[in-house]
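Listed next: structures, encoded as structure tokens.
The same chain A turns up in both complexes below, where it pairs with chain B and then with chain C.
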Partner chain A sequence: MSDVNSEEKTNSSIPIGRMLRSDTTGFTFGCLLPEPEVPLFGDFVKAPAQQGLTEIIGIIHNIVIEDDLFVRQLIAAPELPEAYIQDQRKNRQIPIEVSVLSVGYSSENNIIQGLPPQPPVTLDYIKRCSLSDVIDFTNVQDYLALILNSKETPVEELIGAALQRASKARPIEDRELFLLQAGKELARLLSDDLSKLNSILRRIQVNI
Partner chain B sequence: MKPESELERIFPDNQGNSGTPGIRIGTVVGGSLSKGLVVKLDAGELPGSMIEQLAVGRYVVVQGLTERRFFCIVTDVALEHTNPYVESNPPETTDSIMAEVYRSTLAYGKANVAPMLVLERDSEEPKPVKTIPAHFSVVVQANEEDVEQVFGKADGDHFYIGNPIEMDQVPINVNLDRFIERSSGVFGKSGTGKSFITRTLLSGIVKSGKASCLIFDMHNDYGWAIKNEHGREYKGLQQLFDANRVNVITLDPETSQARGNRHDGALQIPYDAIEPEDIAMLAGVLTLSEVQVNALYFLRRRLGRKWLRKLLSNDENDQSELDEFVQQGDLIKGTLGAIQRKFEIFRRMGFLQTNVSEDLVETLFQKLNSGISIVLEFGIYGDSLPAYMFVANYLTRRIHHRYVATKNKAFGNQGDEPNPLMIVIEEAHKFLDPEISQHTIFGTIARELRKYNVTLLVVDQRPSGIDDEVMSQIGTRVTCLLDNESDIRAVFSGVSGASALREVLARLDTQQQALIMGHAVPMPVVIRTRDYGPELYEEINQQTFQLQSDAETVAQAKDDLFG
Partner chain C sequence: MGLELNKLSKQVNKMGTTVASRSAEIEARLPKARATLKKITNNDPELKKKIKRALSMHWTGAIPTSEPVHAVFPCPKHPKRANIAAADGSQIYPDRHGIAIYYLINTGSIIFRHGLDEAPICSSYPSLFYENHDLYPNEVLIPSSLVNARRDITELRELAQIAEKEVKTAPTLLMLDNGLLLYLGLQTAEHRQSEEILGEYLETLSAIESTNACIAGVIDRPRAANVLRLLRLYDMENDMFDTNVLRSLGDYSQLTDRMLFGTLQPGERSAIFVNASPQNLERYLPKGQKIVFYYVNAGTREQPVILRVEIPEWVANQPEQLSLTHAGVVEQARFGDGFPYVLMRSHELAVVSWTERGHLDEMIGSSLHRSGLSAVVSRKAQGKQWTNSAKRRYGK
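For the complex of A and B:
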């Protein structure tokens, strides 16, 4: 339990970035220098939509750090002072782009696992889901089908990472049961592709 | 229909009957009325374990969508999977998580269940199925109340014969009226407990007084005490009932006395009463040709009642009389010689006598007609199949004849009808062989059903040797373990929808388990037969006491009334 509580403390609802672009299946937000714990591949994040009527829940599936003009110039410079490097990292010209797969939304305290009716709009704040948000959302496993059906994500890795986050959000004694249930749901969904199922199950087992 | 009532209909509050519903085992996913239902088993609390708890022969109840409850019997179980890849790449047994996920979803158990009876909504009495439950109907294990509802409670008409497998507290009762209404059979390999279950059934029939039994006791199994292979002694019918209910007649008084058996008379058959028909049935056993059998009729016609005595005689006069037939060309010398040689066996039958004071057939008929069951002990003659067949045929022909005459006289007057009779024969396939059953009295009795109040109880280990036509008339079949394919097929001939039970039959325990199906039970049932021991003796004693006290009450009432 101790690590859950400590994680809860670090897991505030402060914004971690702003919306860059979005569509119904997902969105991309931008942020500056990443913290060691935020954002992470497989993390659950939320973004407001429909002017606050709904809150879209998504899972981070890609983090892109692109270069810019200054970086290109600096990269060729010999013996670059540390201050220059830190300045370049903190005051980036181009933000870090974080891609999120939409897997559900909450509306009037109901959690719906499926695509949201409307994507979030630009410059909206993106927040990381709290542990209780993650637990509430992952009590039902229908979102796994959305991940499996997504075309542009590393499905096996993403499910493994997301289940790891969701598992660690729970007390230790609940984790095995949770992962077993998820495994069973995956087995139902992947009954015709057992090599993919085995690959995911092996990733899940590491966390038990 | 109102919406709420429709909702109630689809999701009734109480899925089971009045008691607690049984444990859910799965859902119906396919099948047909003729081939049975396919049930996908639930994963169960310990995933994959459900199949190990479900033996063939067990009862299950399918809860139909329309509140019909279908009583079914498990006929087969199988392991299935959703993807052939599972077979080629099973999860490692050490990998418990992976294995559990697989067992919960991709690999599952399947059961075939044969629907037998249906209990309609608001009905107390189950009826034979004419339809099947809808897709995805829930299947539960039958509980004790379900089984009781089907088989009824033990009473004067129903006799407790055993318990369903793994339901030690639930009695299975055989409807005795229906059991004696048609011919019945007890089948099973030797050593599977045929004699014990037959003795239990006979004690039930004698106890109920619904029929008299004439038991041709080949191996001295029924009359007096018998020991099992472990040396434990069990009571015979004569020890369970008094002389007003059961008499033992012996063919071999010396052996009976040596064994310490009490007997109520010795059977003697006069030579002169024997007819060619009594011997014609033995043609197979004595290897008599058709010509030789025909010669018997000729001899009977020409020599009169003393034909057999003369045939076996060493007297010169008798021999010259026979030689005359040869000289006149009526008989071929070889035929006569062959008959005489083959008839030597009759000399060794000590119960055949020249002079017999009492007409035992009439005595037996009177006893049977007055409700006394007769056990005919063969003693040493039990080892001689010709002797057994001869006596059984001889007596049955005559007693049946008396029954036919009495029944015909009583036509239209129920009160004078002869008391129902059940004739018990062992090694029945020798009597009911397809080649001779058309001509023998046993074939006739089996075919004519209860027309003359006489039925058969055949006890046999080779049912495949019994004529199909006779077999199809066997109403109730009590079958212990059989493993010969042709015997199994024979037992199921003429039983609709029972072919699914083949697997059940082939997997009975070697002892004290039997499959009962047919006329006397509402649906086939695999039972662990009740112990033949003190509890049964006690039950019969109580009943006998009750009958005695009833008789005393009647006698007392008569005294009061008439002084």
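For the complex of A and C:
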């Protein structure tokens, strides 16, 4: 558990980016060079909304590293020295765009799984959810239906990654039960789409 | 109605053919120019006599140095370790239609440590000018030419500061995205400011010299014709010419030095010449800062890019420093598609976008409101904001 605590302290309290654009179903934030551990596909993140009255919880479903003409020109350069690469990566402010699917929000200490009443606004800080945030949010599995219904996300991969994150947030002895319950909820939701169900279950079985 | 492109199509087509045929005519003058360059010898007493007379008539040609005028020099080896720094500036001019009268100079700089695998050091420093003595140096609003001159001196001062620190670790090359002859397109009323700025510029060049760093002003797509003026002078049958004849390029009309040196191979530079402009010989020379120049091909065999590189004579006189300017420009241009990478980055660090300018105006507006002042743009500026936005036409 000491490892879990230190990870929580290191990653959850630090903003990982700022809001670029949003709507009710999700939002996109920008950040500079990604750290090895943040942000990751399937991570749970949170963003303030309604002037701090609510906190939107979402799952990262896409990370886009933009290019520009300057970078394109350098790609063709032979034997590009490391200093030029470091300059482009560390000094130039080309934001990395991270897209998030909104799956719920917390309001007055209640967690609601569903679309938030208002999206976050431009330049708000985005933070990674702490392990306890993830555990609290994923104790109920209604958010899985939101992911399954989303049109623009790789649904099977995203559910697999999110469930793995939520499982790893828990003590080892609780993980199997958590994934079993998630599997049952997925079986209920996907009773008419056995191939998709099978595909997701295979992804989460690996980690049990 | 805005620009109706459909009404321009005939004119654009005609322009295309006209430009192509003019270009062919100009190119046809090049062989004679190159042949003349080959004929010139540095110790020609007749030419020396002509140059002396021409200089007395404010001739703006190129004076040969000890290097044969038609010589080419291959790119020397770049030192394994060198510091390459560049600075560039951008400005917001005072706008009497804006929410307040002010001007801004933003200076961007980059220090690239060649030979170390580390990210360069990047900085940008904005300065806001709003005091009476900044805005009304002669009781009238400061002209854009004076803002430009202040921007140029700020760039050079930034490089001088960098030089002091960087020379302690490795040979240091400073680069400017411009020539080193400060352009002061000022009116008579700004004479005192012009003198002050030029004085400060020359002092800063001397300060750089004392650090042992070298400096190069790099000009992309130069339009200068100093060397062609030398060829024109050589062609004259005797030294009985007048100012009007000296001003024209004769058979070399509309050619540029860049075209003349278009045969340089990748990495090669031309001979060094002294810029004969009166500003150089009357102002820079007495202060020990005479400016000389050469042309270099910083591109490839397929896509030559002829740059003009201006350096002080004290750089040209030190073989190691001269080599560093030559190799440094060529090496940096390898990663900037023919233009030094550090200059591209310093421009990027300095440039103020329209969006950023809008944010600055909002900040200033809020500050004025807090002080009980109204902050509104003029009616004309407001009208432009409305009408310059994307047009929407409903029906006919």
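Going forward, the second predicted complex is superposed on the first by the 199 of 208 C-alpha atoms of A that agree within 3 Å, B and C clash if a C-alpha of one lies under 4 Å from a C-alpha of the other, contacts with A are read in each partner's own complex, and residues count from 1 in each chain.
Just so we're on the same page, a contact is a pair of C-beta atoms (placed from the backbone, for glycine too) under 8 Å apart; a residue touches a chain by one contact, two chains touch by 3 or more.
Keep in mind it's a predicted model, so treat the numbers as computed, not measured.
Kindly classify A:Tyr84 by the partners it touches after superposition: chain B alone (first), chain C alone (second), both, or neither?
A:Tyr84: touches chain C, not chain B.
Go through the superposed model and pick first if A:Leu74 touches only chain B, second if only chain C, both, or neither.
Only chain C; A:Leu74 stays clear of chain B.
One more residue to check, A:Arg188. First (chain B), second (chain C), both or neither?
Only chain B is touched by A:Arg188; chain C is not.
Using the touch definition from the top, say if A:Ile14 reaches chain B (first), chain C (second), both or neither.
neither
Have a look at where A:Gln205 lands relative to chain B and chain C in the superposition and call it first, second, both or neither.
first
Which parts of chain A are touched by chain B and by chain C alike?
none
Considering only the defined contacts, which chain A positions touch chain C in the complex?
Per the touch definition, chain A meets chain C at residues 70, 73-74, 77, 80-84, 86-87, 89-92.
Contact residues on chain A for chain B in the complex?
Checking each residue of chain A against chain B gives 179-180, 183-184, 186-188, 191-192, 194-195, 198, 201-202, 204-205, 208.
Can you list the residues on chain C that touch chain A in the complex?
110, 112-114, 116-120, 122, 334-337, 341, 344-345, 348
Tell me, which parts of chain B touch chain A in their complex?
Contact set of chain B toward chain A: 82-83, 85-86, 89, 95, 97-98, 100-102, 104-106.
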